[in-house]
Amino acid sequence: MSFNHVRMNHMVWKEYAARKDDIIILPIGATEQHGPHLPLCVDSVLAEEFALRLADKVNGIVAPTISYGYKSAPLSGGGPLFPGTIDLNGSTVQAIITDIVDEFVKDGFTKIFILSAHFENQAFILEAMDLMSQKYEAMGKNIQLVNSNWWDPLSPDCLDKVFTEVPFPGWAFEHAAVTETSLMMYFAPHLVRENEIKPSKQAEPGTYFKYPIEKDIVPETGVLAPAVSSTAERGKIIADDAIENLVKICKKAFK
Amino acid sequence: MSFNHVRMNHMVWKEYAARKDDIIILPIGATEQHGPHLPLCVDSVLAEEFALRLADKVNGIVAPTISYGYKSAPLSGGGPLFPGTIDLNGSTVQAIITDIVDEFVKDGFTKIFILSAHFENQAFILEAMDLMSQKYEAMGKNIQLVNSNWWDPLSPDCLDKVFTEVPFPGWAFEHAAVTETSLMMYFAPHLVRENEIKPSKQAEPGTYFKYPIEKDIVPETGVLAPAVSSTAERGKIIADDAIENLVKICKKAFK
Amino acid sequence: MSFNHVRMNHMVWKEYAARKDDIIILPIGATEQHGPHLPLCVDSVLAEEFALRLADKVNGIVAPTISYGYKSAPLSGGGPLFPGTIDLNGSTVQAIITDIVDEFVKDGFTKIFILSAHFENQAFILEAMDLMSQKYEAMGKNIQLVNSNWWDPLSPDCLDKVFTEVPFPGWAFEHAAVTETSLMMYFAPHLVRENEIKPSKQAEPGTYFKYPIEKDIVPETGVLAPAVSSTAERGKIIADDAIENLVKICKKAFK
Amino acid sequence: MSFNHVRMNHMVWKEYAARKDDIIILPIGATEQHGPHLPLCVDSVLAEEFALRLADKVNGIVAPTISYGYKSAPLSGGGPLFPGTIDLNGSTVQAIITDIVDEFVKDGFTKIFILSAHFENQAFILEAMDLMSQKYEAMGKNIQLVNSNWWDPLSPDCLDKVFTEVPFPGWAFEHAAVTETSLMMYFAPHLVRENEIKPSKQAEPGTYFKYPIEKDIVPETGVLAPAVSSTAERGKIIADDAIENLVKICKKAFK
Amino acid sequence: MSFNHVRMNHMVWKEYAARKDDIIILPIGATEQHGPHLPLCVDSVLAEEFALRLADKVNGIVAPTISYGYKSAPLSGGGPLFPGTIDLNGSTVQAIITDIVDEFVKDGFTKIFILSAHFENQAFILEAMDLMSQKYEAMGKNIQLVNSNWWDPLSPDCLDKVFTEVPFPGWAFEHAAVTETSLMMYFAPHLVRENEIKPSKQAEPGTYFKYPIEKDIVPETGVLAPAVSSTAERGKIIADDAIENLVKICKKAFK
Amino acid sequence: MSFNHVRMNHMVWKEYAARKDDIIILPIGATEQHGPHLPLCVDSVLAEEFALRLADKVNGIVAPTISYGYKSAPLSGGGPLFPGTIDLNGSTVQAIITDIVDEFVKDGFTKIFILSAHFENQAFILEAMDLMSQKYEAMGKNIQLVNSNWWDPLSPDCLDKVFTEVPFPGWAFEHAAVTETSLMMYFAPHLVRENEIKPSKQAEPGTYFKYPIEKDIVPETGVLAPAVSSTAERGKIIADDAIENLVKICKKAFK
């Protein structure tokens, strides 16, 4: 499915202008190592795929995906020492989100959904949203800014359906592991090296942060928990559940 | 106990200069609402008290506490709508930490521990640490920067000992609840209004963030989980366990 | 042709790491109105398509495209008053380029080509390059930064081959006009609304800039010169010529 | 005297919220060398002590003290070469004051007094005040921002009463000298090493500034004028006079 | 001619205040190498001279000239490797223009003309104008900001009258060449070393930018096209034509 | 006297390049109200005139004057409410000084003298110098940065010779008063409206700062102390004495 009807990118300007009362979704991912079996674009692909499906359900439109994100942390993404992990500074993430959303607002949009698929983006998305929201209020503009991702809204029982063979290692370690791998097998199977999915050790939780970053706290492959047992079917379970709950968020949050 | 021997504040400059090979601890708290029974200074008091005790054990010294922190989030601190919650922007938190640590480094210190007692400070402390660490490496300086708090290092069984009467609501909701209240009863009992500790509803977890912030997602009192069952004894259990583990972190992380 | 072998996005991190001695190409486009017949993504599509073909010829790799660019100017892109034109501030463009290139450098790359398909990006790309280059020199790093686009390198006679039916209006007015339309018909014909290509008036050159921007200085459609006579064949002529010359630039500039 | 009734720090949020029509005082000091007889916290202690006493008289409240200040200058504070002098950049001082005052304003306060006890903070406090004031005026908010310290408001004859044994060296050199030492002996005698108060040479005035800073322009001890003749009684004379005049300022300036 | 009656510099404040309904012209030049025959101040002299003559015709006033500008580019000004070329960063150019114009606006001026005589200033002047204009609109202020220079407004046939002996090399290479040299011979003949005007090679156009800048792409003298044939008479032709057209711009643009 | 031999502005680039071992002087003034008898350019004229004379004596060269300075304070310059007082933000003053000095350093200069004639510039000049100096030290560059003005270096008895008819009001109030007026009568008599020099009230010292600025704290004319008794002869006394002492500073400070 192409989802061409929801891609802002593919619209001419008058088509876009006519949609200003709809929800506009800004996907933000990252360019980040995802082990030997997943490509660097995982977070950007997931952000875009979820955004397209959500837009399809809520009559929204999807802005071009931001393909670079905030710095990968060792114990949730492998960290900056892996080649291919392209880390933006926090101020840059804030600036790009702010500038883009400001333009949506100038174009008349009032319902804006920032959909992230990279955990580490969170704090800087919220900082941007807070500062923008204060600015819009001072200008007397009534703008609704919503942020979520694909993991926080999952139904409580969804993980039970997915983790029937291996235990859920916690979200921090779900990096290049069962959920991301299954989603990629469902959304973009041609980008998954299935024969590189192998049993591996799980990273151990940390109780502190140290800089310069210590190399040995992350498995050498960059996989934080084993991806074994990933399937496209499990990817579909997650995707369907997340979309259903993201639709509910849109209905509840945008008034 | 006054802990005067570890307070940088109370030293004359030659005493401080003589300590440059020791660990220097920078406490950072916040000024933030903590319900009807705890004062606005809870996070700053806790940051300082843990820092003093840690310094006492590891022969460290404690820099003056930063009493203001990053923006309170609704579902981990009540959020910005409460009077008395004084929110710094993220760039300001980064700047103040960076400037202070740069000065420690100019004075010859190489082992620097940033001890936070306000959850929301986390992302901006790490951003500051990352940028400083890159700078020091470019300058050929070997500086070790460590960050932790009092909750992440707790032993797995510590919470079992504390939550014998009420269930543990998760760390996000432990705001003005049993752990913070017990710690304040242990460290600074004169600042606790015990008769204001009352049964209350627990906040409900959110699956998205919205700005402008919705007022009704946080209990009116600002207490995110009931503080009932808090005691100074429970505070001591937490404090002793946290200190013991913070000491271990210092031994492991600083080389 | 998929050009999968040159897309950084589709590589796993070890594949990317193995390419560090090759040229890495960073495409930057824009999200900008392009009249009634071309979609908002023209500049991003062109940046990416040229980057992929160039990489294919010089054994380079292509980083994820930056889909948002600097502010559209009225007399070279229609300007900010058109919905769908998403303008980043200059400081944001500088920051995103700087952060990404810094990461390539940390990963060991030394030959970096920034390929823009949006005229207005120019000054801020150069400012970023200048500041980075000074920084790398101070660090003793030998990094070569090159910037070009698809129009400056064209052979003198290329335009003669393209503009056989209508006169060349000058590059400023080649917005949504014959060159861009022909290139899109060649690279992405499914995104072109051919029946919307109609005779239209050419914009008139300005001798000054005024803010607030005057609405009536740009044709209402956003097309600055007529796109009539555009064909995929003409697109191929431009593309082939540009690629040939971009390859020459790579050979000459990277030592 | 504890002054607990005026400490914002010790209030719960509803107590603070109820005080929004009162004057809120923000003390800002520094962490700075003060010779062999005074601790690094002198400026922060003085800022806080004056703030508490002033609040007590004008029914104001005192926000948590900012314990770090702008860069020490050689000929008014000894300068950056002394260990223990922790210098914030000017932009950081501006940011922290701005963020905090903005929050007081959001909480409904309109009478804000920034009380500094570190001379070098002056220019950056004023820059912050000017920029905030312009912002509030643009927002249509009527906010009164006042700044003073403990030395400018002193009555003309106050110094005559204090300097009966040694001559007044001018305010620039009153660093770790008679006024600061006497005030510390009055406010915090346990922090003064009285046996380290010794006759010393006075610094010589400069007619230019040079960077890198020349080490030999400041006495090796960091004391810019002799502290000999300091007493708690003299401290009380200064304190009482300053408070009396600060109260007058509040009455005159806040309307 | 002294043009004293239009120089803001020479007015007392009440004279300036009385002119607030007139056009205020802010000249911005540069300090930049101009070969062996022209001084470093060429761009600043030209900016000021054009501003004075324009003000004289439109009853405007001229603010003090900004004597430093944005970074010289190799193929339009010789570039940063020439001593005497003093390059401001783009953010600095934006800041100085913004601060000055903001002050004109506070003083009641609404018609502001930024007159540049240094090509490279362009992008950063426009960025400043755009951001200011958005700010003024948000404040409900009706401020008209206009920018031009002396070359864009020239009549089509003016260059024909000037380039009767040598061909016009294009504006980029008109650096220290016939137009600038002739204008200096007309405006400030005592600053021209006529015996240093010699036949020279013209720079060759570039199709890409590279950093670090390659030294050999610019003629060693810094002259980008020969200045031979320059005369004061030709300078007058250019000056008169430019002024006439700048006057027309003022009449058309300011309403 | 034209001082052409010391003006960087009038040099061609090779003349400037040959002077890199000499002292380079950067004058910074302001555009600021100076009452009914002095023009807005007083501080810029004085900065430049002192710089030229100093350069003449020490074989230095003088860079183009910065004609805009930091914000005028009410009780040292009349303040921002006077039309014609053009106030730069502190960060802008820092940026412009930093960028210019960085360029001198790239051109090989190591002895840099920043000569201000506007009191309020002080703090931001020093902040720029401190940050630059730290940067140069990190780069291993030995650069000497000196800052002074024309009033701090005056000999103790100089004021006695000048103030024979009226008392010296203190430097803060010497705004548009006897010293500045006498210097302008000496350096630029054609710019002084002598018949507007009239007896006037002296401003009264303040003990606090308030924003928004109170209009009535400054005499309506903008003159802070009477200019009566000003003469060109007195101007010469000040000028000669200041130059003599500035020469001594150069000899002492630059090594």
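To keep things simple, chains are lettered A, B, C, D, E and F as they appear, and every chain counts its residues starting from 1.
One rule holds for everything that comes next: contacts are C-beta pairs under 8 Å (C-beta built on N, C-alpha and C of every residue); 3 or more make two chains touch, one makes a residue touch a chain.
By chain, with names taken from UniProt: A, B, C, D, E, F = Creatininase.
Being a predicted model, the structure only gives us computed values, none of them experimental.
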{"item": "Set of chains whose contacts include both chain E and chain C", "value": "none"}
{"item": "Common touching chains of chain D and chain A", "value": "B"}
{"item": "Distance in touch steps, counted as few as possible, from chain B out to chain C", "value": "2"}
{"item": "Greatest separation from chain C - chain, by CA centre", "value": "D"}
{"item": "Same or different contact residues where chain F meets its copy chain D, judged by the half mark", "value": "same"}
{"item": "Identified repeat of the C-E interface (over half of residue pairs identical), from E-F, B-D or D-F", "value": "D-F"}
{"item": "Most remote chain, CA-based centroid, reference being chain E", "value": "B"}
{"item": "Pair sharing more residue contacts (C-beta pairs) when A-B is set against E-F", "value": "E-F"}
{"item": "Chain A-chain C separation of Cα centroids, rounded to whole Å", "value": "27"}
{"item": "Chain centre separation in whole Å, for chain D relative to chain C (CA means)", "value": "56"}
{"item": "Gap in Å, rounded to a whole number, between the CA centres of chain F and chain B", "value": "48"}
{"item": "Sites on chain E at which at least two other chains make contact", "value": "80, 89, 91"}
{"item": "Going round from chain B, first to chain D: chain order", "value": "B, D, F, E, C, A"}
{"item": "Chain C contact footprint on chain A (complex, rising order)", "value": "8-14, 16-17, 20, 31, 33-41, 44, 63-68, 80, 82-89, 91-92, 95-96, 99-100, 103-104, 106-108, 191, 193, 196, 222"}
{"item": "Chain C residues touching chain E - in the complex, by the definition given at the top", "value": "71, 73, 80, 89-91, 94, 122-124, 126-127, 129-133, 137, 144-148, 152-153, 206-213, 245, 249, 253"}
